[in-house]
Structures are given as structure tokens and as C-alpha cells.
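What follows is a pair of complexes built around chain A, which joins chain B in one and chain C in the other.
Moving on, here comes the complex of A and B:
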């Protein structure tokens, strides 16, 4: 057992209101630079939809992630030999038109326009060429099902749904969507790291943040093509690749990443997960339907004395172990087993998890007319037993979060519904009846767990949502250099010392 | 901890201190300014001569690469000598009769611009006025040179011991290399004949050309390397043909232009046949044609 620590984020999709505050916070903090205009280290997608870049999940086109061949894991992008031949021509690489041409508007014209018979307008301008453009698409062009006949209809995850279900989802009264915020998943088996010919990408030891060393990056852009989530971006100005850094400078000072901190719906949780690094190769190489179980198996119980002993042997401090014990991530992923990785079939072993959304308000048919109705208990129970009636097809969620395994999604949704029913009985009716207890038991939850889940979902404090250990950066300096050697130095340019005349 | 400066705290005291300091600085700067042009000694001039001139000139020991400078100030106008030391290249170009005559007399080897400052030239003149005689550098004889090694040092196949840049970076010689050498410096095919063995040795040892000085400042060639290079230059002078590199450059251009033409041709064919992006394909399937990319 090789115990390691990881900072993981949980996205509670039921709470996401699709406001894009996370994206804007991230953009303002990190990617508001020349060459980074088109990058959205954090973006929010409407589902069903094609996401950003368009149809990024279509790995037949983009060839990201890993492939299982003859019991061995290989990059889907290319073998080593193919990689050499594709060094200068890599057709799987997304181009700017796969993302969008970043634009702004000529606002000055509103102020400086000469007197005319018509109102001046702010013309759209390309942020790359500076020329006026016709905006064709954007990072969330299909937001809230905009242009759904083009985008939502072509969602890759709808592919193996029966045709009549797909048609139903297009009917006005049955339209349904939810939001999917995405950042870099800081995978345990990152395809970007594996694909980099320069060895410029690495996974940080203490918290698992995957980082690009910009000094080593030589702009091969293999990472951009190999990442199945398309979360490494190429900066055309600096000629280096860039990606989400999980706001490590903020985490090191005990603050939540900008996207999580600014989240209006408070959908994001963060905490330490302990995992067994020895299990990564086996857990990434199991058949599709065992992926979730193997992934959960790899996450270790921070209360287990054996795990604690092994962690200490690996040099993990008491405060990190304690932080792992208080981690909301551990509760959601392992204790309640309701948080799932996004697209586990890409086999990169992602460390960001999603709690799948319960469908929005059920629509019922009455006298052959559709009526949006507030859920009554009957419908609650009906849905609990007949999840297939949910507006968002189970198969669709399964394609997103469990490599197509509907059973996993059913279990999770039944848990979420059981807690909802139980708490409604308790707060609205004032007492818990045997029926709601039975639902809980059927979903595999105890009453305490239900109450904990309810509290963690609805009423968590900032400190409960974000549990950060001390990073001890002073120790990592000490590990490399005696701190006294820095005494008398300027304290600037730790990596590249300032030199006169250079 | 607070230190009380009594003088600084009163207005009068403060002005006094400032005035005093300005006075000190002002007087100091006068001395500094006065100190610069004076004090030129013939010692200083001798140093400069031994460093820069002695590889080509002697005083009272006969002509080498350049003329014997004994009594040069009696033969020539002092101002002319000063100008010729400072900017010989410009004076030769301007067609000065004395300069041209000297050029013809000394095998068309022009005096290089040494980049000396006005003060250094002045010191040199003071030294020449003194009439002290200076013998040419009498170094230990060079070891036996080797043609192959010399050729390898020239082309950079063998690394010069002190890390100096190989000659080919700036010079071409005979028919070296498929495309000749660099053309920042002159063609060295006939250099052995022009400078002679002693002159060439001196020029390589105490480099007189400002461009080369900077490059070899801490990377002087060893005696063995110089000997090897001399053997190489002697052979090339006897056998080589000048101007081979020029025709090679033409070949280089033709191959380069043809090659890039072919590459652009291939690109022109494949550029419009690039894979369509999924985003464009979705819009095209839906019948939306963009105004720019239709």
C-alpha cells in the first residue's frame, strides 16, 4: 500500500444554477491575458449539449484518453512510434475553430462615434486579429439549450439512447437540461503527462495538482490532443501549454480555488482524499462496468489504523490525515458513494467528482395535456420505484458518469431521492413515518447518514465545504535547501535568479 | 530605536549640511574633470604598442607586415599619424595618397582599425616621440604543424582548446565545405602569402582586428593550434582557389529557393483539404453557412 494525498473537488450538480460565476472568476484571475483569451480553465456546459470545445467527448475524432488493448493500457492518441511521425502534424489536435474565436466589442465607438442619423453600435472584434468578425460560436454557445437542434441533438452521450427517447427529449414539453461545470480533473493516470514528449507536465506530490512546467514545455501540444477532457490549452502568444492549476497558490494559503470560492450555488466541496498509488495501474485497467468499483476501492479509509500507519510511513503529516478524516470529498465519494467521476471510461482516473442531478420537477400528463406540477409525495414514490420515468434518461447520466452502467446511477439517484423523501416527511409533516424509513433502508442508508447528507447538501458552512490542511511550504523549501542559505538573499526569483545585465 | 540628528532637525543646520555636501561634490567633480586628459606617460604608450602594434610593426628593427615606425613622426605630419592610427580604414577608403602608397608597398594588407580611444592614441604618440626602440616579439619557435589538424580546427571538427570559435564561422578558405565558410570576415585563401609566416603568427597571437578581439578575448589559441592553422593556410595558399565559396553560395540559394517552392506547393495543395472541425460540421449539417467560411 502506497498511500498518497490528493485534493479533490466535488460538484453537487443539483445545486448548480448555471450562472458561470466560476468561469468568470477563473477567467479574471488566470486567463485574462494575451494568448489565453480563448481558454476557459473552468467552464459550465449545458447538458444535453456539445460542450467546450465542441463535442470534446467525441474521442473517435479527438482521440483523447486511454484505450485498453489486449489487456494493456495505451494512449488512444498514438503509440510512441506514431508519435514521432506525428510530431509536426497531429490531426487530432483541436484547432481554434474547435474552440471559438475569442471576441470583444468595439465599445469605444459608442463614445467616439461622429454624429450620425443612426445609433452607434459596438461591433464585435476578434481578440486575435483585431478585425471585425461575425461571431459564429462561443464557449457556451449552446447555453440553456440555445440552438439545441444543432448542439443538444449532437451530444455524444445521447448516442446509444433509443431513438424515441431522443425524440422525446426534443419535444418542447419534455425538454430537460442540467449544468455541468468542468475544470481540469487532475487525474491519477493523466494522459497529458503520458503524451508530453518533453516531460514538462508533472503531478505535484503533496496534493496531486497536475502542472505544466513552462520552462520545459516545447509546444509539441501532445497534451492538448491527449487530454480527453480537453483541459490543457495552448497559448499561441507564449508558445506554451497552460491548464487549470487548481489555484494552488490559494490552497497553499488555506483559501478555496477561485471557482469554488465564488460559487453562488455553493455546489463545490473540497477536501483531501487518501488513495493507494499501487492500485492505479490495476484500477485503470478493468472492464468498463467495474471501473467505478475499482476507483472507489483505490480511495482509502482515513480512519483505518493500517492506512494511517502506511500514510505516516510515506511521510504524510498528522494534519493531512486529520484533514482527510474531515474531508467532505471522502464522505461523498466513499462513505455515501454518491459522487462519481466524469467519464470514467477515459481511464485517466479523475479526482474530481460529480453528484448526478435528480431530474427537475416531474411533468405529468393529465387528460393528454402536459402540466408542470410541483412534486407530490405520490410522485416522489412513483419516481423512486420507476426512475425510468425521470425526465433525464438514466442512460444519459450513465454515459456521463458511470461508463454506461445504469445500475450505478440508479443506486445514487435512489439515495438522493430517499433523503429528499425522508427529510420532507420530517420537516413538512413533522414526523418520520415507517414508509420513509423503508425507502431509506431500500436505498441503503441509515437515518444518521440521511441527516448528514441533508446537512452537507443544504446547510454546510464554508469550513465544512472546504477542508484544507496546512501546506507547510516552508518545509518543502527546507527539503531542497537549507533555509539559512537564503538568508541575505533578495528572496526574489527562486527559480530564475535575477542577474545584472541579462 | 530613534537616533536624533540635532543638525538635521533645524532648518539652518539642514541647509548647511546640504551646502557643504554640494560643495564637496562640486570641487570633487572639478578635480575629476581635470584629471582625465593629463598624465600621459610614455609607459602607457609602450603598453599599448606592445599589446596592439607589435605583431606588425617594430621600431628600429626593420619592416615586418607593416613599416618600421622609427622616426615616423619625423617622416609624417603628427596629425596625419594620429588620424591614421584612429581611423585607418576610413582614411584608406577616402583615397589618401600616402595611405594608398603604403597599402601597395605592403602587399595590400590594410592597417586595421584598432578601436583605440583618443586618449590611447595620444599616449601612443607620446611614446613614439620618445624614440625608444622596440624589437619584434621574439617568441619561442612554433611547434611542427599538422595539416589535417589545422583543417579540422578551421572547420570546427576539432574543438579549439580554449573554446574559441572555429574560423569557418566567419571566414571561408579555398574550397572548404560544400557551401564555403562565413562571409563576415575576408576570404583567407591567400592570407598566408599576404601576411607571411611571422605576420600571420603575430596577427593570430595578438589579435589586431577589433571584431576578432572580442570573440577571442578569453579564448586565445595555443601555440600548437596556431602552428597547425599556419600549415593549413600555407597549403591552401599553394593549392587553393579563391572565390570558390561565392559559387557555392549561389548553389545554396538555388537549392533553398527550389526547396521552399516545393514545400509551399505541397502546402497550397493540402491547406484547403484540412480536416473540418466538428463545430463547423455541426453547423454545416444544420444548414448554417458562415459568412466568412462558406
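Moving on, here comes the complex of A and C:
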């Protein structure tokens, strides 16, 4: 057992209101620069929809992630030798069209325009060439267009759904959508690291953050193509690849990453997960239907004395172990087993997790009127026993979060519903009845767990949502270094601007 | 000092010095600026027709030049059989043409596509111009003065070695036609330009990719050591 530590984020999708505050916080902090305008290290997409960049999940086209070939795990993008030959031109690289051409408006024209008969306008101009452009698409062009025939229809996760279900999702009266905020997943088996010919991308040992060493990056841009989540971006101005850094400078000083900190829906949680690095290669290489189980197996119990001993053996401090014990991430992923990885079948072993959303019931036509398909007797149980009546098809969620396995999604949704029913009885009806207890038991939860889940979902304080260990950054200066030498460098040394080379 | 002395002794040494000193300085102290500065994100169709032929052509040609320089005997032995000589000459010529076509595409793309122009510096133009001259004079030399793979070892191998061993013999290149002289001079100019331009990417052969482990994990400190 090789115990390591990881900072993980949980996204509670039921709570996301699609406000994009997270994306804007991130943009303001990190990517408001020339060459990075088109990057969204954090983006929020409407699902069903095609996401950003368009159709990023279509790996037949973009060739991201890993593939099992004869029992061995290999990059889908290339073999090592092919990688070398594709340096000069990488056919799988997304083009600017797959993202969008960043634009601004010629506001100066409003002030400087000569006198005319008509009002001056601020024409849209490209932020790359500076020329006027016709804006054809932009970030979140398909926001909230759950049923659109142009976007939602092309969602690859819909492909293996029955035709009638797909059509039903396109009917205005039955429309449904949810939001999917995405950042880099800081994977345990990252394809971006594996694809980089320069070896410029690495994973930090202490918290698992995956970083690009910009001094080593040579713009071979294999990482951009290899990441199945398309979360490495190429800066066309500096000629270097960039990606989400999980706000490590903030985490090192005990603050939550900007996206999580600013989240209006308070959907995000962060905490330490302990995992067994020895299990990564095997867990990434099991058949599709065993992926979730293997992934959960790899996350270790921070209360288990054997795990604690092995963690200490690996030099993990007491405060990190304690932090792992208080971690909300651990509760969601392992204890309650309701948080799932996004697209586990890409086999990069992501370390950010999602709690799939509940959705309203579908409507039925009655005398050419639409009405919700509710059972009259008991509204509470509208979905618990009839998950197939949910507007978001189970299969669709399964394609997103469990490599197509509907059983996993059903289990999670039933847990969420059982807690909801239980708490509704408790707070609205004033008493818990045997039926709601039975529901809980059927979903595999105890009353205590239900109350914990409820509290963690609806009432958590900032400190409960974000549990950060002390990074002890002061101790990472090597003992052999003269501390005064280091002191001389900090803030006073020669700072190199990240300028484009000639 | 006559022209020959300047062009084929003084200039090569200036360019070699710049190449070595500035390259080391840039790689060590300005690593952020070292990049191939790919523009594929902005424009890909013409890049496909430019970059692939150009690089595949130029890399083989460079390899042939290197073999001729380092192990001229191998080349001479290979050429001992006329059929093999023709084979080498023809493939060299085709590769040169291939690279020439590529560089023309790249140049055209740099000058005409607005997205590429947005990331084009004067040095980029200079690089492509010198490269174009290099390919053009090379291909012309190959077609006008046949069997370069034979006389290269007789003229250039000793000349280049004389430069590298600090006993310059410019008289070896003095009698050559101006076209070939231009080819030589131009390539020294490219060498001098290398550390100041994107050409520096030539030195970052990522060949260790073939053997390195897939994953890389780095810590701020060695946990076990500070336990």
C-alpha cells in the first residue's frame, strides 16, 4: 500500500444554478490575458448539450483518454513513436473553431465616430486579428437550450438512448436540462502527462495538482489532444500550454480555489482523500462495469489504523490524516457513495466527483393537455419507485457518470430521494413514519446518515464545505540551502515576464 | 582581409560563437521563451501542407549532411556501387524538393492568413526567408552540379572540419560556383539566427519520450526524507 494524499472537489449538481460565477471568478483571476481569452479553466455547460469545446466527449474524433488494447492500457491518441512523428502537425488537436473566436467590441467608435445621420455602434472585433467579425458562436452559446435541435441533439451521451426517449427530450413541454460545471479533474492517471513528449506536465505529490511546467513546455501540444476532458489549453500568444492549477497558491494559504469559494449555489466541497497509488494501474484497467467499484476501492479509509500506519510510513503528517478524516470529499465519495467520477470510461482516474442531479417527472398527454405523471396517492414517492419516470433518463446520467451502468445511478438517486422523503416527513409532517424509515433502509442508509447527508447538503458552513490541511510550505525549503539565499530571492529577485519568445 | 576570408572564416566563427553562447544563455536563463510557437490552433489546413513535407524533408536532409560530415567513409562506401549512388542522389533531390514545397506553403501562409499574421514577428519572416534560400540553393545545386554526395566529402567535409578544429581552410570553398557559396554562407546565417528565433526548437528533440515512464510525480519535498 502506497498511501498518498489528494485535494478533491465534489460538485453537488442538484444545487448548481448555472450562474457562471465560478467561470468568471476563474477568468478574472487566471485567464484574462492575451492568448488565454478563449480558455475557460472552469466552465459550466448545459446538459444535454455539446459542451465546451464542442463535442469534447466524442473521442472517436478527438482521441482523448486511455484505451484497453489486449489487456494493456494505452493512450488513445498515439503510441510513443507515432507521437514523435505527429509533432509537426497533430491531426487530433481541436482548432479555434471547436472553441470559439474570442471577441470584444470596438467601443472607441462610440466616442470617436464622426458626425453621422445614424447612431454609431460598437462593432464586434476579433481579439486575435483585431478585424471586425461576424460572431457565430461563443462560450455557452447553447446555455439553457435543453431541447435544441442543434446542440442538445448532438450530445454524444444521448447516442444509445431509445429514439422515443430522445424525441421526448426535445418536446417543449417535457424539456429538461441540468448544469455541469467542469474544471481539470487532476487525474490519478492523467493522459495529459502521459502524452507530453517533453515531460513538462507533472502531478504534485502532496495534493495531486497536475501542473504544466511552462519552462519545459515546447508547444508540442499533445496534452491538449490527449486530455479527454479538453482541459489543457494552448496559449496562442506565449506558445505554451496552460491548464487549471486548482488555485494551488490559494490552497497553500488555506483558501478555497476561486471557483469553489465564489460558488453561489454552494455546490462545491473540498477535502483530502487518501488513496493507494499501487492500485492505480490495475483500477484503471478493469472492464467498464467494474470501474466505479475499483475506483472506490482505491480511495482509502482514513480511520483504518492500517491505512494511518501506512500513511505515516509515507511521511504524511498527522494534520493531513486528521484533515482526511474530516473531509467532506471522503463522506460523499466513500461513506455515502453518492459522488461519482465524470466519464470513468476515459480511464484517467479523475479525482473530482459529481453527485448526479434529480429531475422532475415527465408529463403525460391527457385529452391533448399535458399533466405531470404523478400518482395521486402519495406525492413523496413520485420517483422513488419509478425512476424511469424522471425527465432526465437514467441511461443519460449513466453515460455521464458511470460508464453506462444504470444500476449505479439508480442506487445514488434512490439515496438522494430517500433522504428527501425522510426529511420532508420529519420537518413538514412533524414526524417520521415507518414508511420513510423503510425507504431509507431500502436505499441502504441509516437515519443517522440521512441526517448527516441532509446537513452536509443544505446547511454546511464554509468550514465544513472546505477542509484544508496545513501545507507547511515553510518546510519545503531544502535544509541544505542557506535560508538567507532563499530570502534574498523572494519578491526581490529578477522576475521574468511570461513573454512570447521570438 | 579578402571576401573569401570574411565569408568563410570570420563569419562562420561569429555564427558558431553566437550559436553556442546565446543558445546556452537562452535555454538556461530564458527557458520560457523556448518553444516551437505552434500556430496550429489558429490555422491548420495550410499548416498541414507546409509543416509535414517541410519537416520530413528537412530532417532527412540534415541527417544526410551530418553523416557526410561525421562519417564520410560510410557515404563513399555506399556510393561505390553506381546504382546506390543514383538512389541516394534521387531520394536526396526529392526530399529537398519536398522540403522546398513545404517552406513555400509555410511562407505563403505566414504572409497571407490574418490569424497567422497576428502571431508573426519580423524574425519569423527572416527565418522563413533564409530557410527558403537554403532549400532553393540546395535543390539548385543538386540539379546543376550533379553527384553532390560524392564531391561533398571531398570539399565540405574537410572544410567544415577545418573550421571546427580551428585551422580554417577557406581556399577549399573559394573556387566553388557562387550558388554553392551562397548555400554555405546562408546556412551559417541560419545557424547564427537559431538562438534568436523559433529555430531553437530544433534542439529540443523529445526523444526520451520513447523510454520515460508514462506518469511523472514531483513533490515539494521528499516526504520520506523529512519524516
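To be clear about the criterion, the second predicted complex is superposed on the first by the 456 of 502 C-alpha atoms of A that agree within 3 Å, B and C clash if a C-alpha of one lies under 4 Å from a C-alpha of the other, contacts with A are read in each partner's own complex, and residues count from 1 in each chain.
Criterion: contacts are C-beta pairs under 8 Å (C-beta built on N, C-alpha and C of every residue); 3 or more make two chains touch, one makes a residue touch a chain.
As the structure is a computational prediction, the values presented were derived from the model and not from experiment.
With both complexes brought onto chain A, simultaneous placement of chain B and chain C is prevented by a clash. Contact with chain B, but none with chain C, is seen for A:151 once the two complexes are overlaid on the shared chain.
When the two structures are aligned on the shared chain, A:129 is found in touch with chain C, with no touch to chain B. By the touch criterion stated above, A:81 is placed in contact with chain C alone, chain B being left untouched.
Touch criterion not met for A:24: it reaches neither chain B nor chain C.
Within the superposed three-chain model, A:95 lies in touch with chain B and with chain C [touch as defined at top]. Legend: residue contacts after superposition of the two complexes on their common chain; A:54 is shown touching chain B, with no touch to chain C.
Shared-chain residue A:137: touches chain B; no touch with chain C.
Contact with neither chain B nor chain C is seen for A:1 once the two complexes are overlaid on the shared chain.
With both complexes placed on chain A, chain A has more residues touched by C than by the other of chain B and chain C.
Comparing the two complexes, residues 94-95 of chain A contact chain B in one case and chain C in the other.
Contact residues on chain A toward chain C in their complex (touch as defined above): 80-81, 83-84, 87-90, 93-96, 128-131, 189-190, 193-194, 196-199, 201-206, 214-221, 234, 236-240, 312, 314-316, 473, 475-476, 478, 496, 498-502. For chain A in complex with chain B, the touching residues are 50, 53-55, 58, 61, 91, 94-95, 97-98, 100, 133-134, 136-137, 149-151, 154. For chain C in complex with chain A, the residues that touch the partner chain are 30-42, 44, 47-48, 51-52, 54-56, 114-115, 117-119, 121, 123-124, 196-198, 200-201, 204, 206-210, 212, 214-227. Here chain B touches chain A in the complex through residues 275, 277-280, 282-283, 285-286, 288, 290-293, going by the rule given at the top.
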